[in-house]
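Below, each structure is written out as structure tokens.
You will see chain A twice below: alongside chain B first, and alongside chain C after that.
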Partner chain A sequence: MKRPLARAGLAAALVVLAGVPWIASPSIVQFGINMLLLAALAQGWNIIGGYTGYASFGNSVFYGLGSYGTAIAMLRWHLPFGIGLALGTVVAVVFAALFGRAILRLRGHYFAICTLGLAEVMTAIVSNLEITGRNTGLVLPLLRGDVLFYELSLALVVVATLIVAWIAHSRFGYGLIAIRENEEAAAAMGVDTTRYKVLAFSLSAAISALAGGIHAYWITFIDPVSAFDIGLNVKMIIVTVFGGPGSILGPVLGAFVLSGISEVLSTEISTVAGLFFGAVIVVAVVFMPRGVADLIRRFDKYRWRYFAENVRANRL
Partner chain B sequence: MDPVLSVRHLTKRFAGLTALSDVSFDLGRGEILGLIGPNGAGKTTLVNLISGAFRASEGVLLFEGAPIGALASHRRAKLGIGRTFQIMRPFPGLSVLDNVAVGALFGTGGGHRQLAIARELAHQKLAFVGLAHRADRPAEALGGPDRKRLELAKALAMNPRLLLLDEVMAGLNLAELEAVFTIIRKVRDEGVSVLVIEHVMKAIRSLSDRLLVLHHGEKIAEGEPQQVLSDPTVVEAYLGRRRAPHEGAGT
Partner chain C sequence: MDLLWQGLVNGILLGGLYSLMALGLALVWGVLNIVNLAHGAFIMLGGYACYYMFSGLGIDPFVALPATMAALFVFGYLLQRHLINLVIRAPMFNTLLLTFGIDVVLTYSAQIAFSADFRTINPSYAGAHFTWLGATIPLVRLIACAIAIALTLLLWLFLARTRLGRAIRATAQNLVAARLYGVEPRSIYALTFGIGAALAGGAGALYGVVSQLNPYIGVSLTAKSFVIAIIGGLESPLGVIAGGLILGLVESMTSLYVGATYTDVASFGILVLVLVVRPTGLFGRTT
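Right, the complex of A and B next:
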């Protein structure tokens, strides 16, 4: 993103995005909030999954902790939303740092499975605590202001993307990429792998928790099953992989494109929407395995050959 | 002169198998020590113990006089120990230049904090090993000999005081060998101590100041290359005992 033209384009896109809620219909604004929160979540997953190479299924846990932290602070302790959001985020980050130290020793499938278990455990715990409202969940105070939530979500996407952009061009980011590409070699070259992985996991957790807190206040209702939904974590992964894991704008592009496709499909052909959505993802993985970001970067050079090259390179 | 690396009674056991047994030696500043031995002699195990990939079962490791046996890999790298891997481990998703930049960003003393400086340094190291023209290629696109050079450049970018080279010369032709020799000698002339594992006997003989021979995890010889290579024990380890004709049948 060194070219001034690209920067100007991004700034223009941002202005347009920020202006949407003042002109668009309420249903479009609501679609926008969901899309932006998904983009932020994907960007958060990108840090641990895309850059560090650890396929986390624990990000929906951080999302849930952010939701519950915010809700409990507002309902039980009557704190303002901002402080509740901060509290929820701190809880998620502390949780990520503590558990990260233990489970980031596991690699590959083992790490994925362990984080998967984390989500189930959290659902069970939260369903049985008085302070979290047990199975019935919590109802937050109502704030009518979709525009506010939209802009808040957009701000989160921008902040998350700036963090990722910094990572991509920093010593920290090079350490993470080295870990992803070859952890043993990274350690031999002087990367403190444990510390870097825990930091990446915590950063990822902070972004997920912020998205969870914003979503909870917007929706005004949370329960254990929806707050710690593994399906949401799977969505983060699909969106990131579709957009381009380990790239700066990929997860955001992925969230925008897939949210759009999914919205059109579910309104036009609601009964078989899921089927078509699945087909889109399969086709994407086969023809552009490095995601939308890579397609945009290299399409100029290869043109339509880009897709053929990918199919050949991966022996599909 | 104080040795850069002192190894005392180093032993490594893997669940019953003793890969390295009671090995001791010193490595001086600016010295090139060749480490040879048949397959399975424990050469790579020794390198892994020094770099911190493995922990020793017994024995002491001193680097510049300080014990390092309990330190994690990255701490040893920070102290100034750089290594290459026998099975080459580039970071395939990064360009050749960025692979080397990782070494400059971390490495001895924690490396350079600024990416721009690190990449500039990486450029110099790539030019030094003759890979500058490949700087922008993805690392996975490099062929065998170039990968060896990349491994070397990555380790050099760490600015190490002790360089552990695990078979950086295997599979190179004569001209490429000469080029790598020149590089290693230049590095040594800057005061870096080098421990080099090699299979190519001619190569190691002319490059090393001293040789250390391992066999079945034990040190069987150490000293001047000529003297070591004519040692009957070493010859036997490599070629096997010449059998008497009547013992030969049925084996």
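Right, the complex of A and C next:
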């Protein structure tokens, strides 16, 4: 691989992305913030789902905790945004570490649905608490600064991607991949599976919570249904799987491509965009189960047979 | 005391319907090893099918029930045969995601086709009720519960006594061995999934009579069905009845003594608790 060239390309792309708010219209900047936050969330999910192989539906819980942590710190305790964001993130990480120990023992479907249950419980609890504003939610102070939020989101994507890049080439990451491929074998090889999984879950939580906090302050309004939205968790999974789970740039790529397409569609009708998302998962799971990253890597060799080969390998 | 008795009766009536909801999910999970996240969407589709037969053609909902189930059976059979069978040997994560995709497609299609308005199947006798030992029993809820339990028992008989039922159980136990004895897994998988969808359709029709339909009820119904399957286990339809009744009673008691907004906390709290304490489910297999 031509590493220096690839790095130069990435750096150039980053500079262009960072410069967008100064040339583009406000609506494009707003679209950009949503897209970047989704990319960050996907990258966060990539750590626990893509590398460790645990299909988490609980990342929207961390997102919600980050949103509410930031909002409560700013509104109830009048703390500045930065401290609120840090507080929300700490809450999410502690939550992930505590619950992670218990629920990361579950395998496969059981883990997935248990995290789904956790998300439902959190929505219900937050809807009933005084401090979180019950069903009506919370309104944050208004800050007109789309450029700031854009650059913050971009920074989060970069940091998340750097973390994933580090994971991909570290002892820690090899441990996670070993857990994904065969947990018993990984344990037998001396990987402290519980510690690795809890750490991966907590890292994933931190990234999700940061995205949640940034989004809450940007959008200035949160309520239980939107903050703990399972649909958002599904989106993270879709873009990650579409882009390539367990790859460094796949999730970001997936988020950019799918956000772009669905933005074009949703200017027409939002239900069509939803339908499109569903259809994309179905088609992607059937024809390219290893994502765009794998498609790019191997399309040269297989050409159009690539899709047929995938189906043949997995059909009954 | 009267309040407690009424709560118990409500819980049992609700629980009967819950067990039918979960039955298809547990069957498909046990036999195909697929957790069908579109199960709730099938329930929703069944509800709408029954609603339109009732409001459009004036057919009594309980008469429309078999037709609803037949329609969902065909739908489920074709879906498994031509789509889900394509990824059956992929990692579990892919089948989970595929059914999630199907769920999203069905939900949004329903929103486009049926609108997001709440619908209720409302026959003339919807408000009828009688009193038994001091507890008020709504007629439709009693009929719905009775039908749900009857269908569950029918499935149990079908699996235990018929040739096809034995083939399905054999496939669940050991796919390779079943194949050697002449079972064709492609059609058995499709049939089983079709039966699961038909049961979901039946549950949806009954749900539409006792509650309200909208395109988004699917996700929470899938999650509830999963809770019941976890509590009841996948081995036998009778375990699913137990799971359904437990959940119905817990929800009814929670809304009575803690507050109606806490019912979801209670049911999903039980799920998380059961999974944490017994990672393979309360009566689940240890694979």
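The rule is short, and it goes like this: the second predicted complex is superposed on the first by the 276 of 316 C-alpha atoms of A that agree within 3 Å, B and C clash if a C-alpha of one lies under 4 Å from a C-alpha of the other, contacts with A are read in each partner's own complex, and residues count from 1 in each chain.
We take it that a contact is a pair of C-beta atoms (placed from the backbone, for glycine too) under 8 Å apart; a residue touches a chain by one contact, two chains touch by 3 or more.
On a predicted model such as this, the values are computed, not experimentally measured, just so you know.
In the superposition on chain A, contact of A:D192 is made with chain B only, not with chain C. In the superposition on chain A, contact of A:A155 is made with neither chain B nor chain C.
In the superposition on chain A, contact of A:A165 is made with neither chain B nor chain C. When the two structures are aligned on the shared chain, A:I177 is found in touch with chain B, with no touch to chain C. Legend: residue contacts after superposition of the two complexes on their common chain; A:F277 is shown touching chain C, with no touch to chain B. Of the two partners, chain B and chain C, it is C that touches more residues of chain A. Look at A:L17: by the touch rule set out above, it reaches neither chain B nor chain C. Touch criterion met: A:C114 reaches chain C, while chain B stays clear of it. The intersection of chain A residues touching chain B with those touching chain C, taken from the two complexes, is empty.
Of all the residues in chain B, the ones that touch chain A in their complex are 51-53, 72-74, 77-78, 82-83, 85, 89-94, 98, 101-103, 105-108, 110-113, 115, 118, 154, 158. On the chain A side of its complex with chain B, the touching residues are 169-171, 174-175, 177-178, 180-182, 184-193, 246. On the side of chain A, the complex with chain C involves touching residues 49, 53, 55, 102-103, 105-110, 112-114, 116-118, 120-121, 123-125, 127-128, 230, 234, 237-238, 241, 271-272, 274-275, 277-282, 285-286, 289, 311, 313-316. Against chain A, in their complex, chain C makes its touches with residues 29, 35, 83, 85-90, 92-94, 96-98, 100-109, 111-112, 185-186, 189, 219-220, 223, 226-227, 230, 259, 261-262, 264-265, 268-269, 271-272, 275-276, 279-281.
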